[in-house]
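Look for chain A in each of the two complexes below; its partner is chain B in the first and chain C in the second.
What follows is the complex of A and B.
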């Protein structure tokens, strides 16, 4: 009985974790590049929020999925440019500037929603992305739907994780970028322009956060409501230190987070006597437990969060 | 350099004003007129001014509390959760004890428990920062979500009031009127609540400027390395500053319930215009972390909120639209100040 329960829960966790994890995977993957270049962008949450609203409405009005994700990514990138100006060009405190980005995204996403839809109580909905169904492969029990039954955007986002890993650890620009994150002065002596690398990294982070946000509305909820990321951007940042700044480890952390999320959503139905709010607060407590389990002091880029000053 | 920074913040401020004007235009109000109305209704009408100062009270308390750890560059983003926990404990104490204890004792107990509630909510994340090097921004933020879900549970469970059951709105029972903080205007925090806020701001001003702790926090904020070299116990100071700010955010929750709402409602915490714990962050930063200046910046922010609500009543503009305008002003104007503030800190360090 208990074994059966655990088995069915495992299946639910495995099949449900990927869609839940995808927005966090996208956002943390972008932020990982950010941080590898030594830039801490705490505005992920705000950039995701902008992505949710831009992606949703582009899809709603045009029905063009590619355009929706593209514009959402661009919107996230535009917002991240503010961080680039503040944190790289003006050498402002990155924590403060990141917090400002979060607030701006938070406010603007509400503004855009109200501007386009005014005051309606029931938000409009869109159809979610069609899932792939390969004839034989996706009919394999359990593994089939997990590996072969996702939607194309999910595959694209997972592919970016592989690409980022390859870029960071197997190419010269990737090495340069990591050097900028470890020791920008040495990088500059090597003939690398730290500022340029940091700005590109920030833009990539914004792009991925925007896409992740769009995935939330387009593929998961199918509708938009106010402030719907619920701390997911911060969770993405937290999972990077869990992943010790390695793309695959971080990816794995995001999957575990997705699984935990789905399990608590499911158990909730089995135990109606326990107030559902306790299940809702669990993902956040889980992040706290994870954070206290890993020491953030080890493994991070040495120059993380420090503005680069040229020696005069 | 300072002049450059000031020019930049002015630029951002005008950008914020232009964008908001554009929004008014989008919703059919002449741009400049919209801004003038906002200011008129928020600051220049007597009703508006009463509401503005009343709403500024929790903001002053929270932002002043935040200025203490912010001075040491410890970023407590969890004031919202600490605010919620303070209000929960204070309301609970008030409902339980006011039957058999004199009101003044109940208020004192409520104040103490609110401080403890807020402090309890920041101690775990700050210990994680001290002992594990965890990013305190993420840890304190996670605690906010836990607090809000706890509030919803309590208002649907143990603390659910009789009125809430019939109206399906989650809310607690009303506090007896005897324990409410005396106020000049009913329902607005214009009395003891305001005095508490000013005392907190003044006390923290003195603490930051004239005490050893304040001095050490400033050094830690400028360079943790230098602080360690000078023999300052960073861990102790950071813990102390954080507990102080968490507890004070808790007190803001108590003052909000005992001075204005009289009842525990989730609406006080879920609406962005009344999320004092979040709004308190730019309020503190705009004032360059000076608790006396925070009084003014809190009144400025709260005036924009009141003006927005006033526009809804007078011009029939839906509050969501005006909330958005408020959002833009609030979120863009600080950026310039943020940048200039952060720059000033950095150039100070470099001058050493």
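What follows is the complex of A and C.
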């Protein structure tokens, strides 16, 4: 009995983890580039939230999914520019600035939704993305349906993980960017402009967070409600140190989060008498436990979170 | 004489309230090693930073190979063939040497082709006569190897003028010798080598030409044949140097800080100090030599109570203090002059008054009925300032207003003025100019003669040899030899520092 239960949970975890993980994968992948350039943007949550509302209303009004993701990404990027101005140009404390971004995104997403849809009890629903089972690949037993039975956007986001890995570790600009994250002064001395790299990295982080947020409304819930991300943006930040600033390791961490998330979502349905918040807490607790297993000195970029000031 | 590779004319650079360089002229010739010397704040490093494009001069001209140029950034300087090796290397620790050379390259396309670059650098290494293993991470390299990597990086960018800021301050004598050999061969290849240094013997050994700066002005510019230690010191300080001959009183018979079989772990849990035993007697200076990172820092931290002791014990005049708190050790009259004076020696933003009592604000007369007594605190701060000739506007100025030398005098004063018995000190003169360094050494020596025990950890072998009564050499956390004063010899101590005669199996019992 128990074995069957566990077996069915495992199946649920495996089949459900990828979609649930996608928003976090997108956001953490963007933030990873951010952090590799030495910028800590704690505003991921806020940029995801702005992505949820922009993605939602674009899809609602136009029905154009590509446009919805694009605008959501741009909205996240716009919000991230505030961080760029504060943290790079004005050399403000990055924790403070990132926290501000979180609150702005949080408040703004609610305001935009209310302005457009008013106060309604049943939220409107939107088109979801058609799934695209890749031929041949999806017929591979077990792995096939888990990985290759997703929608196109999910494939795209997984592809960006590969792209970021290639960029960071196999291209000249990637090496330059990591240098900026380790020691901006050395970077500048070697002819690399630290500010420019940091601003681009921040913008990429915003773009990915916005897309991740949009995925949450468009592909997962099909509707909008307030604070939809529920802390996933922070999980995305946390998983980067779990992943030791490596794209694939971070990706793996996101999948673990997705799996735990799905499992507790399922268990929650078996016990309606227990407040659902009790179950929702577990994925976050799991991340906390995993993170405490990773040493605090797991070696992030040396200049992470430090504003760069030129001499003179 | 050939035309200079670089010539700087009437360079003036001011910082708010400070005239760093005042109408300085400097010519750098090919095939010459040019030493720039002067006290701290004399304007040497500023001048080189102007040449390297980190600072813009307020006025003056720079020409390279006869053509007047404008150098706005290090990148401009590099493209003109000017390269600089800083005291704090600008290499990325977690990258390989190869990756470090590859940073910021523009001519190689988008993809990082390290294999091709490796081939090119291998070629170049043969030409320069410098050998570094390219595929090792910088953090795994010794200081000397890091420096070589840095020099390689600079040369590979096409440097014809190579500037080195105090390149030997962290090297053993053997490594210094190897560096000098490299520099001489780079010179023969037609490059101009510029060395910023304090060390007289280096100048005498290496320089073809010397420029001495004092308070931002050139006070001496001459060729090798015309210099002697006395001339240089007088030019740099403005007065002749009294060559310090310390008079040694005999060592006291009784009382010692005794360390037995001490083992301490490092930050990453590794064995940083392994079963080390020695004692510091009253009235002696025990020098601790070793290449940085061989357990000196952990040893000192264990002694002053900042790091947990795994095994072994420490007694002070017979009192066991192995597991005593920092405060108890202070009560036992143990004093500490740390290496990082700004972070560990003082609270930078606090006024000197508070800094004067950081160690013992809980003791009378600074405390009464759990309240601070400001009058006695101020009085004590004033006393330090007066007795140790600390230059500052008043005892209420904050610590970060003081120059390095004055800050160090202040800290030394604070530690020594109130009943010191044993003094633990790490690189007490690092970064100080001749005047302040000599003052600090003399003070320490006077305390030696007043029957205090001093543990002097220093990376400067000359300092250790002139000050110490005995020297122990640390190598990989072990004592790899104790040398008595009569046997002091740079080469043999240097060999011990590099691990000569070290037998892991023998010591790891």
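Note that in this section the second predicted complex is superposed on the first by the 292 of 312 C-alpha atoms of A that agree within 3 Å, B and C clash if a C-alpha of one lies under 4 Å from a C-alpha of the other, contacts with A are read in each partner's own complex, and residues count from 1 in each chain.
Definition applied: contacts are C-beta pairs under 8 Å (C-beta built on N, C-alpha and C of every residue); 3 or more make two chains touch, one makes a residue touch a chain.
Just so we're clear, the structure is a prediction, and the values are computed from it rather than from any experiment.
By the document's definition of touching, neither partner reaches A:49: not chain B, not chain C.
Using the contact criterion defined above for the overlaid structures, shared-chain residue A:32 touches neither chain B nor chain C, since it reaches no partner. Within the superposed three-chain arrangement, the count of touched residues of chain A is higher for B, of the candidates chain B and chain C. Legend: residue contacts after superposition of the two complexes on their common chain; A:115 is shown touching chain B, with no touch to chain C. Look at A:287: by the touch rule set out above, it reaches chain B but stays clear of chain C. Once chain A of one complex is fitted onto chain A of the other, the partner contacts of A:190 are limited to chain C, with no touch recorded for chain B. Contact with chain B, but none with chain C, is seen for A:107 once the two complexes are overlaid on the shared chain. Look at A:91: by the touch rule set out above, it reaches chain B but stays clear of chain C.
Overlap of the chain B and chain C interfaces on chain A: residues 297. Chain C makes touch with chain A in their complex at residues 49, 54-56, 73-75, 78, 90-95, 99, 102-106, 108-112, 267-268. Residues of chain A touching chain C in their complex: 170-176, 178-179, 182-183, 185-192, 297, 299, 302, 311-312. Residues 8, 23, 26-27, 73, 75, 77, 124-125, 128, 132-135, 137-139, 141-146, 149-150, 152-153, 156-157, 272, 278, 281-282, 285, 318, 320-321, 323-325, 327-328, 330-332, 334-335, 338-339, 341-343, 345-346, 350 of chain B touch chain A in their complex. On chain A, the positions that touch chain B within their shared complex are 42, 82, 86, 90-93, 95-97, 99-100, 103-104, 106-108, 110-111, 114-115, 118-119, 227, 230-231, 234-235, 237-238, 241, 275, 277-278, 280-281, 284-285, 287-288, 291-292, 294-297, 307, 309.
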